[in-house]
Amino acid sequence: MLDEGKIAAFEAGIKLGALFHQFVGMPVSMSTKKSAEHAIEQSVKNQPYVEDVLVRIDEEKLRKACNNPFGYASLSGEMLYARVKIRYGNAIVVAELKYSEDKKYPEMRLVEEEE
Amino acid sequence: MLDEGKIAAFEAGIKLGALFHQFVGMPVSMSTKKSAEHAIEQSVKNQPYVEDVLVRIDEEKLRKACNNPFGYASLSGEMLYARVKIRYGNAIVVAELKYSEDKKYPEMRLVEEEE
Amino acid sequence: MLDEGKIAAFEAGIKLGALFHQFVGMPVSMSTKKSAEHAIEQSVKNQPYVEDVLVRIDEEKLRKACNNPFGYASLSGEMLYARVKIRYGNAIVVAELKYSEDKKYPEMRLVEEEE
Amino acid sequence: MLDEGKIAAFEAGIKLGALFHQFVGMPVSMSTKKSAEHAIEQSVKNQPYVEDVLVRIDEEKLRKACNNPFGYASLSGEMLYARVKIRYGNAIVVAELKYSEDKKYPEMRLVEEEE
């Protein structure tokens, strides 16, 4: 019933939900983009069952958002990409957070492993 | 491969991860406990595939945490309980956030449906 | 040196900074707008030296942001207005969070008392 | 009326309130402590009028909090220290977030410049 694949999918969901709601709002600029991506990745790696994680802030969107008198922006769902690989027992799942321009929505979904 | 049960489990994980990391840190007191629980529930219900959600802040732990000169506390994982019921297609999953006193850890897990 | 007016201004800054970074990202919809505003107000009122607080989510901007397949949005700085009144000793200050369309920035500033 | 010292104090409050409520809840471990401190500092430096910022996570408290099966903890007010130096016009203020063991409260206060 609670097979390993299902638990791995649950764990992947936790990681993306956590990441989004922990870090959205964080002040970020072109010069701190890399340090922010790295710290978010490190933070996610602390959590159980995480095999791998990649976090990227969209450079174009960040630059545009930073076009204000103070030169920084609040991290938003529009500019945030993340990919996590979770292993639970023998099950592996990969999940992605990616802003959908069509749906105007930061979409989280399970993706097929692609090696 | 991506069966409905797995997607439902993924969605349940998103909701618990989101809830925890959005609201931990929120100032809460004995007199705003109910309004906080209600607002968190309403917030989670906005999200897709949520059939039901219950949020409770532990009264004993909150009272203890509020025992400072200002009479309120930051919402913490120790005092937070949540239960979500997710429907995706024909699949239903129930998941819980509950602080484990044994593990000293705010545990999130899939639970068997108990009707 | 640390006169009461300065401390009151410091406390007002704390409240607006806290409010913004605690609640930005929160899932909100047209039907939970009121419960969200109320809960944020209640949460701020828990904090020391708060005489009054008003929180409003811009209806037009929220409606627009909710125009996606799921009918809700993450609370953002663009749609958030807040006003706090702080009393410290004999000093009163009022401060505001208001999105500046000119600056494309969620501006926080001390405002003159207006009674 | 709105003298520079008062505005500088207001800005200092914003930074500490923001920092606390943005990053409390963040997963952190002994091995990511430094990267977390650095990322929080970088994030605060993005904001206006910040001359300097120092963020430290208490090593003893973090180690204790990480004593669970997963070896990490949610960043909490108990373990977080921060100090910001704000310049607005000719005014400089220094403010501190420091957990008060007496009051059981993460206290934020203006401190006298000590060079």
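Worth pointing out:
To keep things simple, chains are lettered A, B, C and D as they appear, and every chain counts its residues starting from 1.
What we mean here is this: a contact is a pair of C-beta atoms (placed from the backbone, for glycine too) under 8 Å apart; a residue touches a chain by one contact, two chains touch by 3 or more.
Bear in mind that the values here come from a model prediction, so they are computed numbers and not experimental data.
Comparing chain pairs A-B and A-D by the number of C-beta pairs in contact, the larger count belongs to A-B.
On residue numbers, the B-C interface is repeated by A-D, which shares over half of its contact pairs, out of the options A-C, A-D or C-D. Distance between chain centres (mean CA atoms), chain A to chain B: 21 Å.
If each chain is reduced to the centroid of its CA atoms, chain B and chain D end up 27 Å from each other. Chain A and chain D, compared by their mean Cα positions, are separated by 25 Å. Residue positions 18, 20-22, 25, 70 of chain D are each in touch with at least two other chains. Within the complex formed with chain C, the residues of chain D that make contact are 1-2, 5-7, 9-22, 93, 95, 108-110, 112.
The residues of chain D lying in touch with chain A in their complex are 18, 22, 25-29, 32, 35-36, 38-40, 42-48, 70-72.
Within the complex formed with chain C, the residues of chain A that make contact are 20-21, 24-25, 67-70, 74, 76-77, 103-106.
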